[in-house]
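Okay, so chain A shows up in both of these, paired with chain B first and chain C after.
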Partner chain A sequence: MAGATREAAMIERLWWRAGFGPRPRDLRGKRTHADLVHEFLHPRGATLEGPEPRVDGRPLSPANQYGQDVLWWLDRMVRGRHPLVERMTFNWHDHWATSNDKVGDVKLMMRQQRTLRRYALGNFRTLARAMVRDGAMQIWLDLAGSSDEAPNENFAREFFELFTLGANNGYTEKDIREAARALTGFTFDYDSKRFGFDPKQHDGGTKHILGRRGRFGPLDVVDLALENRHHAPYLCKQVWGYFSPRTPPPRLVKQLVSAYTQSGYEIAPVLSLILSDGALYADLEEPDMIKPPVVYVAGMLRQTGTYITTDDWVWMLDQMGQRPFYPPNVSGWEQNEAWLSTSALRMRFQAAASLLHDAIEDGAIPADRSPEQALEHSRTYAGEPWTSKATSSALASYSRLSVAGRDEKWEVKHYWPERERVLRQVLLAGPDAQVC
Partner chain B sequence: MLVSTPHQSASPPPVRLLAFASEFHLGASRTSAPAGVLVAELKNNGEDDHDLAVRNPRGRIIASTGVVRHGALGRLRVRLRPGRYVLVCTLADHEALGMRAVLVVRARKGA
Partner chain C sequence: MPRGCSDWHGTRAALRNGGGRLVPIPERALDGLPEFGRGGLSRRDLLAGGVGLLLAANGMPGLTTRGVLEAAAAQAADAPDAPILVSLYLDGGNDGLNTLVPLGDARYAELRSRIGVDPATALPLGDTPGFGWHPSLAGLRELYDAGKVAVLPAVDYGHPDQSHFNSGGYWRSGIVGPAPDRTGWLGRTLDAVGTRDNPLQGIHVGWGQDPSLNGKHAPVASVSSPSDFGFYIPDVWDEKAFLPTYRRLSRARAKHPSLAAVRRMYGNTIETHDRLAPLAGEEKPAPPPIAYPDTDLGKALGNLGRLLGAGFGTRIATVSSGGFDTHDAQATAHADLLQDLGDSLRAWQADLDARGLSPRVLTMIWSEFGRRPEDNDSGGTDHGAGGLLLLVGNRANGGVRSEFPGLTRLDDDENLVVTTDFRSVYATLLEDWLGVEAARVLPRVPGGSHLPLLRAA
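Coming up: the complex of A and B.
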């Protein structure tokens, strides 16, 4: 990574993988990597900093204006002072993937988002119980309205397959059917928008779930799944997957499972181990994680000290394949190489161009600016991003050759700013900017 | 001597409302609004076509998004006086099936 030392490179990777990228000052501090991991895990103080988002000169109204829910969340990623909380909130959104395409209520989606944030670094059992009772989730997976006469299996199926155990991992179709019975009784009235639980619509009979027998209710399903031996390894690997595209080493999985179960399903000890483990910092000079679109965009804004003043980010994120509050399905977003389709990559390039638009006008660069200075100015603007040795060399070469022999007055006026526009564009959107 | 007061004379920005349509629900982001210009958007989350129309207290449709196809977004702009309005989907029997929501428009404070 960019850092001159391994420690600095680890810090930069931590910011990208456990947050939404560093602001330039985040890389200049004197904190050690261990200090930073501790800060990430123990956030204190104000949650946001910087100017509030405004579009067309007005504050956001996310519930009342289409697309502004996306801006609202993007703003939290950009202005957030608790990077790991923000990143885990989004990771849990991917894990408990719920889309407003079916829910159709921004307020419910934002309420779910607040729940995910509240338990972002907290207890998974508490989070899972909250998700069972969450309004957006109840609409999304048809839990609301599931009655003893017609139990709906959608939530039970995904609860085992995606949220707690993993596909075909220690449960049967019968377990799903029985869990669906235990989950009956939740109600939702569309007119009053009130959620509730009607004992008369709950199946109070005996159920057999995951080898246990009892008159189980909705929240018992959470405990039964979490106590199953397949849960902890599944969840720990899922969490690891949000930080690294590589398979976790078996000895780390053992440590994670042990920390998770011994703490009673606490997430913070798991995160602490992941963020401190050498496996996360393998091959710092060859980063292999593709930045998810929200990380790419929020990171670019943080790197350049830019805040939300336009709603263009909504359609750009859409075109890149990741619109917060609108995951493609209950499995969430596909990760890594899936982000780099031709059209998505083109949109990443366009997003950087949009940010740079008119940033340097013709005539704005003095004729005595050396190639080294031009590159240094561009790197400073772009937040000192990491570039590989090959890219660094190519940029230095371009900085020299692009204006060589162009010393006529009109050429200085046009080509010298053009050089820095190109350098900034490549630093923000070139191949190296897509990985972390 | 008269001193101009642009803040007092400028008209307030439009009030925004976002509604989602599905079969056969119409969920609106607000149940009340101040009088003035309303800009309403309809996101069609359903599989059928839908629209969003505003019925005034006298029962007349005064604005509509026109037909909004599955997955699409429609928009209308209308000036509303105080009163009880109904937001509806006017297609087929969708209103009778439940696609309606009440919007109470109140006089602006100081107006």
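Coming up: the complex of A and C.
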């Protein structure tokens, strides 16, 4: 691959993996890949651009209208000017997967989301401590109300298994039970919606956790887990997993772990290494990561310069398998091939179709438009997406054959626009559009 | 993948190339089959051609006995009377001890001091004193009393893992511990008995993908509503304008597994759409004899009834029902879940009866683990071990069919002692119900794996 082309392909991949896809102008910019990585890691200026979302002519009201929490977040992905912050905020939502299905309070979910955003590129220890005290999390994993009399293990278990160490990775059932004791004392009053900490309900006794012994309190559990030698490799691999479906090369894991631990659990140095490493840009000629539904939808909106004017995206995302604020369980969404099923793919097809609604009117395409021009116009509309050789040649032959012999006036009026509707559809929803 | 695969594919190829010359199976081809097929397919059945086994004469010489047998099973898949297994997953870890309540166990009331089922309200099991169904389970009790429910308390595996993710993964893959690949036990079953061209042989009723149905070769489908699987582009008059292009793209080669998987799944999706055509226009399907509850589970089973009724060659279907992770405020939530479960199952069996399908369908109801015998301070229960597994169907061997270990002696984590390995249940269902050699699907089947789960037809 020639130097300039490779640079362009790296930039396109960066936008998809570290953001929510490129707008057409993002691919035509003058900045180098290295400039962009720096910009992603050091966001400045306004966080949003473009028109505010409206549904039925009204602005969103996430806390009051069904599904508008999802639209609110999708809008951030579409209009956000700090791609990596947006993407990491969502990645952390997947990591600390909390579902409003149980929390049942959009305000608490939004508050958690703000916390994830604040530390998106920040310090993992600070984030973990904030998550222990987060209201939505405390309800989700039964931390609120867990008392010395009856410690609830739910949070302690997932904290080790999913948030910090990895399943069966350096801890035992005994550690979970002891950590649950250390985490007792948080309270929640359902009527006033107030969270608190009651020292009388905290187990102040000695605990044995991860080989250490002491009268540990809730936030000590964070430090004990982070200081465990299994934590840094686990977390660094998790973070890498958000950017690539491939196993990270061992030398890169070593670098990530050392950057992470030497900085005192800072995430930015880890991200900087990942986004600059050649391993992320393997096989640029054929992308190898399946877009998560939010990336697919937000990306499609960005590619076509579309803004949110309908709440159909809520159920469509749901049926593609990814509704923000509603991860399927505490381990978050399963990635890559797990996104694929016949019904989810059909919904991805339908999502593109709904975007194309009313885009080209009958009679709007002149009869002298050549097959090549039809394809070129469609590619421009769809934001110049990557296409494989197979797709390029299938579209070229479709562009020729679909209107061949259709010269009657009524045929030109309908079938010439129909050709471009189909071309746009395949470019936005076909097999190639599912990978990045 | 077990090495039997090449045998099977050889057999299929021979069948396809046989040009319709049909001969009975020579008895020598069945040598070395003493124990296979204790229920589903027997040596005798094969000799009698009872599964519609038709082999091309020129395909015989190279075949192993296992190849013959599995060709038969593959053929049976196309037969209109092939058995169907439905997996109904209770997502989150159902509290078995409050589903089938061990009323006769002296420690129950003490361990469940906060959310125990009142013995006065429990629905007694006529044939098994000491147990009662949760009061919300009238629907299930009716089926039990009709002898259509085999009950297995305390099913799990040795040293059970209390993580949803791990334990659920083990149940879905059929392998305890790290799995070698993404396949699930039901997907591998379809690899063995299924076809390579019919996604509707394995259906997940829902939007997502069910990992237990992942196979290496056999395509499967997720269908939520069978009459709603169309492809539309606004102002494009006919799907024929674009489906050929999509079909062409789904067959293109890819260099990497992700794009290859997308293309394959696109192919399955369009194939599913094509095959569902008979149901596409069915606006108002005939109502079942007993109405399904207006719940996600009721709707899913109702849709599955329509799919099975249409005769798409389905062998395996999966449905799941969520909300069973009852860490807090369990009493009312669990009662509602069980009400839905019992009522849905009653309607399901009545629907299958009305369609003439009930002799062919067996429904396995399972969860990734049971819950802790001692309830917690939040009015809920934490993750435990030894879950309750149910088999529902005309051929289910009604009654309590595995040992309940009691609550006096618990394991090191204060959980129910596991008496039955779930892989033994799978192995029994594979051999006795689906006619597949268990070892082809399950790499490690524990000893003594045959359980009395089915009764004679």
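We take it that the second predicted complex is superposed on the first by the 432 of 436 C-alpha atoms of A that agree within 3 Å, B and C clash if a C-alpha of one lies under 4 Å from a C-alpha of the other, contacts with A are read in each partner's own complex, and residues count from 1 in each chain.
Everything that follows uses one rule, which is that contacts are C-beta pairs under 8 Å (C-beta built on N, C-alpha and C of every residue); 3 or more make two chains touch, one makes a residue touch a chain.
All of these numbers come straight from a predicted model, not from anything done at the bench.
Participant: Where does A:106 make contact in the superposed view: on chain B (first), on chain C (second), on both, or on neither?
Facilitator: The first partner, chain B, only.
Participant: Identify the partner contact of A:58: answer first if only chain B is touched, second if only chain C is, both if each is, neither if none is.
Facilitator: A:58: touches chain B, not chain C.
Participant: Under the stated touch criterion, name the partner, chain B or chain C, that contacts more residues in chain A.
Facilitator: Per-residue touch count on chain A favours C.
Participant: Based on the superposed arrangement, let me know which partner A:66 touches: chain B (first), chain C (second), both, or neither?
Facilitator: The first partner, chain B, only.
Participant: After the superposition on A, what does A:29 contact: first (chain B), second (chain C), both or neither?
Facilitator: Neither partner.
Participant: Touching A:362 in the superposition: chain B (first), chain C (second), both, neither?
Facilitator: Only chain C is touched by A:362; chain B is not.
Participant: Output check: A:214 vs chain B and chain C. Expected answer is one of first, second, both, neither. What do you get?
Facilitator: Neither partner.
Participant: Once the shared chain is lined up, is A:196 touching chain B (first), chain C (second), both, or neither of them?
Facilitator: Neither partner.
Participant: Taking the superposition on A as described, I'd like to know which of chain B and chain C A:331 touches: first, second, both or neither.
Facilitator: second
Participant: Which chain A residues lie in the overlap of the chain B contact set and the chain C contact set?
Facilitator: Dual-contact residues (chain A): none.
Participant: Quick one: which bits of chain C touch chain A in the complex? Just the residue numbers, please.
Facilitator: Answer in residue numbers: 161-166, 182, 199, 204, 206-209, 211, 221-224, 229, 231-237, 241-242, 245-246, 248-250, 252-259, 261-263, 265-266, 268-269, 272-273, 327-328, 376-378, 380, 382-383, 413.
Participant: Can you list the chain A residues touching chain B in their complex?
Facilitator: 58, 61, 63-66, 100-102, 104-107, 190, 193
Participant: Looking at the complex, which residues from chain B come into contact with chain A?
Facilitator: Chain B residues touching chain A: 13, 15-18, 20-22, 25, 27, 29-30, 41, 43, 45, 73, 98.
Participant: Please give the residue numbers of chain A that touch chain C in the complex, ascending.
Facilitator: 142, 145-147, 149-150, 152-154, 157, 161-162, 167-168, 173, 245, 283, 286-290, 318-321, 328-331, 334, 336-347, 349-350, 353-354, 356-358, 360, 362, 388, 390-391, 394-395, 398, 402, 414, 417-418, 421-422, 425-426, 430-432, 434-435
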